[in-house]
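Remarks on the structure that follows.
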Amino acid sequence: MNVYQIVEAVLFASDAPLTAHEIARADEGLDEDQVESALVFLRAEYDDSSRSFELVQVAEGYQILTRPEFASYLERFDNVPRPARLSGPALETLAIIAYRQPIGRLEIEYIRGVGASGVIRTLQDRHLIDVVARSEGLGRPLLYGTTRQFLEHFGFRSLEDLPRPEELPIVLRERTPLGPEDDLAEEDDAVGGEVAEKSTGQLKVATETLEQSSQEAEEPHR
Amino acid sequence: MNVYQIVEAVLFASDAPLTAHEIARADEGLDEDQVESALVFLRAEYDDSSRSFELVQVAEGYQILTRPEFASYLERFDNVPRPARLSGPALETLAIIAYRQPIGRLEIEYIRGVGASGVIRTLQDRHLIDVVARSEGLGRPLLYGTTRQFLEHFGFRSLEDLPRPEELPIVLRERTPLGPEDDLAEEDDAVGGEVAEKSTGQLKVATETLEQSSQEAEEPHR
Amino acid sequence: MESVPEREDFMVVEIERFQGPLDLLLHLIRKQDVDIFDIPISTITDQFLKAIKGLAANDIDGAGEFLEMAAGLIRIKAQMLLPRPVGDEEEDPRAELVRRLLEYELIREVSGRLRVAQSQRARRFRKAYIPPRIKRDISEMTLETTWDEVYAAALHIRMPLPRRVDHQVSTRTVSMEEKATLILEALKENASVQFSKLLSGFKERSHGVMTFLAGLELTRRRVLFLRQSSPFQELWIYRRDEEEVDDELVGKLDPEKGVEG
């Protein structure tokens, strides 16, 4: 049995992206480097033999996915499962969480100008976000961050695939808080008398979360 | 676009076997005969290029499946390299449950400052903890406690044997209530409770969460 | 830029289309090509009120949020009318709103990109049917964890801080005057300066906020103007009138002073 065949079988039998490390579980003799080479080989083979699927890097792992040009054929089938599209509010909320994680509900609501608990619940139910920490601030509110599922849903390899900071207006690039703290205090009125929290370091914590969640995924994929 | 590519894409992305007749629906220009030839072509190609998957015909139609000889790798992938050790969050959660049992998820999350449903599931899968009661409180949340396996594994005759020296954090040494009611009500946010309907909403949300998490338990982790 | 033939017609907006009050407000501002750093608060407030007329009656979800914003606009409008004492370094009443609008605009842009990424990803399909495999029960795996490890974890658990009722207000150590000086210094040499340049060397966020506020304030006094060619470009600060770039100005940030003509 060749390494590339084993790697292929595992990828084929998984419904979620897998890291080289995860794939290597399939055989005791396998190490990550071997898996990586096999992945390179497979990718080239799928391309050369004009397979209708390809090896895609997504959500910090690898996954075999159909090539986009077949979408119109596949969309005709009820048997082909399609992920539900997210609503506008859900996308806006995700955008905020993706950039400013870890972030609490009150800050999300302040940025969007509308309530967020319903959307947050939906996003959590869909495993696109999760509670990643608790603020040290008053009331120790829950802080949310994005998950690997978030990356998968949007086809991002990692959070680095989000629009780069250089592209963002200066006000946000510097991750200016929403204002001096007394401004947030005022905002209490708008969000129901709760005390607002501050956000701390962003992308760093998000990465930690991802690492942690892959560690915690003690069960294999189907 | 070649016919065989379209057929391949459809079979790959379908969650059920498809007949040639059904596959032909992918494109107006396709007829069953073309599909049949494409299927023959694909089957030969998968064999010739030593793919780890094959085209299989079952009663209901065609499917692409991994070859049986890779079953052992997939099984190993599923079963072997699970960490035989508990992760940091799992250790922490286990300690909290051991000392404060019976205890509900929200209380655990309150103490740890982060979500606990995944870790609780892991500990339950390991038979170290189990649901031991149901709280009388709103939503009658499940309460967790340690199991006999817990005692056996760590070599305690009974829970009385758990060391409770002075150095233990007060939150574990003494079963002091976790503070004012509203602290736990605030915790409702963990499951997305609306501020407006805090008191009534809580019950509903808690129940939903329970149902949801038992569903989640059947799904693979990411 | 599309022409707006009838102001009245333009004002008939379908409130349901908007994600919330900020979305609506941004729409009103961007649609009319008014300077976001110098919002004609009175006009915009009137338009906003008109747009949300009958909102409560329609029982739209989140009507309260629109009304809340309306109240905020009216408050700002009132504050703008109040004379402000000489040397008062209080920020422009509109500054916080501008910050929120800019940030919201960015979020809207990013969520648009997420939507595109979502559609692109949705054109790819993963292997759908995966035969179920028998998985060994996790409890069959030998657990190597010892009690010492559990106990060590127990020692690190710390009770969450009790909630405090009082609210902490941090002292503002960075003054707007200081930042205004910085901007004017930079503009002595050049006719324009990048906002980001002014922030180099300062780590704390309050510097960014203050520099921004000072920029807004000096814009209001018509000493300079801020330009951003599009939402994702660098913010540039331009000198408006050479003679007015004077250290003295910093000392007398007087509302009357800058308003000329």
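Each chain carries a letter (A, B and C) given by its place in the written order, and its residues are counted from 1.
Note that contacts are C-beta pairs under 8 Å (C-beta built on N, C-alpha and C of every residue); 3 or more make two chains touch, one makes a residue touch a chain.
Just so it is clear, the model here is predicted, and its values are computed rather than measured.
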Identity of the chain that, by mean CA position, is farthest from chain A: C
Chain closest to the middle [Cα centroid of all protein chains]: A
Between chain C and chain A, distance of the C-alpha-averaged centres to the nearest whole Å: 25
Gap in Å, rounded to a whole number, between the CA centres of chain B and chain A: 17
Rounded Å distance, chain B centre to chain C centre (Cα mean): 38
Chain A, residues touching no fewer than two other chains: 12-13, 15, 66-67, 70, 74, 79-81, 115, 134, 139-140, 218-220, 222
Contacts with two or more other chains, residues of chain C listed in rising order: 125-128, 131, 133, 135, 138, 160, 163
Chain B to chain A touching residues, read off their complex: 1-2, 5-6, 8-10, 12-16, 18, 25-27, 45, 49-53, 66-67, 69-70, 73-74, 76-83, 87, 89-90, 109, 113-115, 118-119, 122, 125, 186, 189-196, 212, 220-222
Chain C-facing residues of chain A, complex: 12-15, 56, 63-68, 70-71, 74, 79-83, 85-86, 88-89, 91-92, 94-96, 98-99, 110-115, 134, 136, 138-140, 153-156, 162-163, 167-183, 185, 189-190, 195, 218-220, 222
In the complex, chain C residues that touch chain B: 125-129, 131, 133-139, 141-147, 149-160, 162-163
Contact set on chain C toward chain A in their complex: 19-23, 62, 65, 68-69, 96, 99-100, 102-104, 106-108, 110-111, 113-115, 117-128, 130-133, 135, 138, 160-161, 163-164, 167-170, 172, 195-196, 199, 205-206, 208-209, 212, 228, 231-235
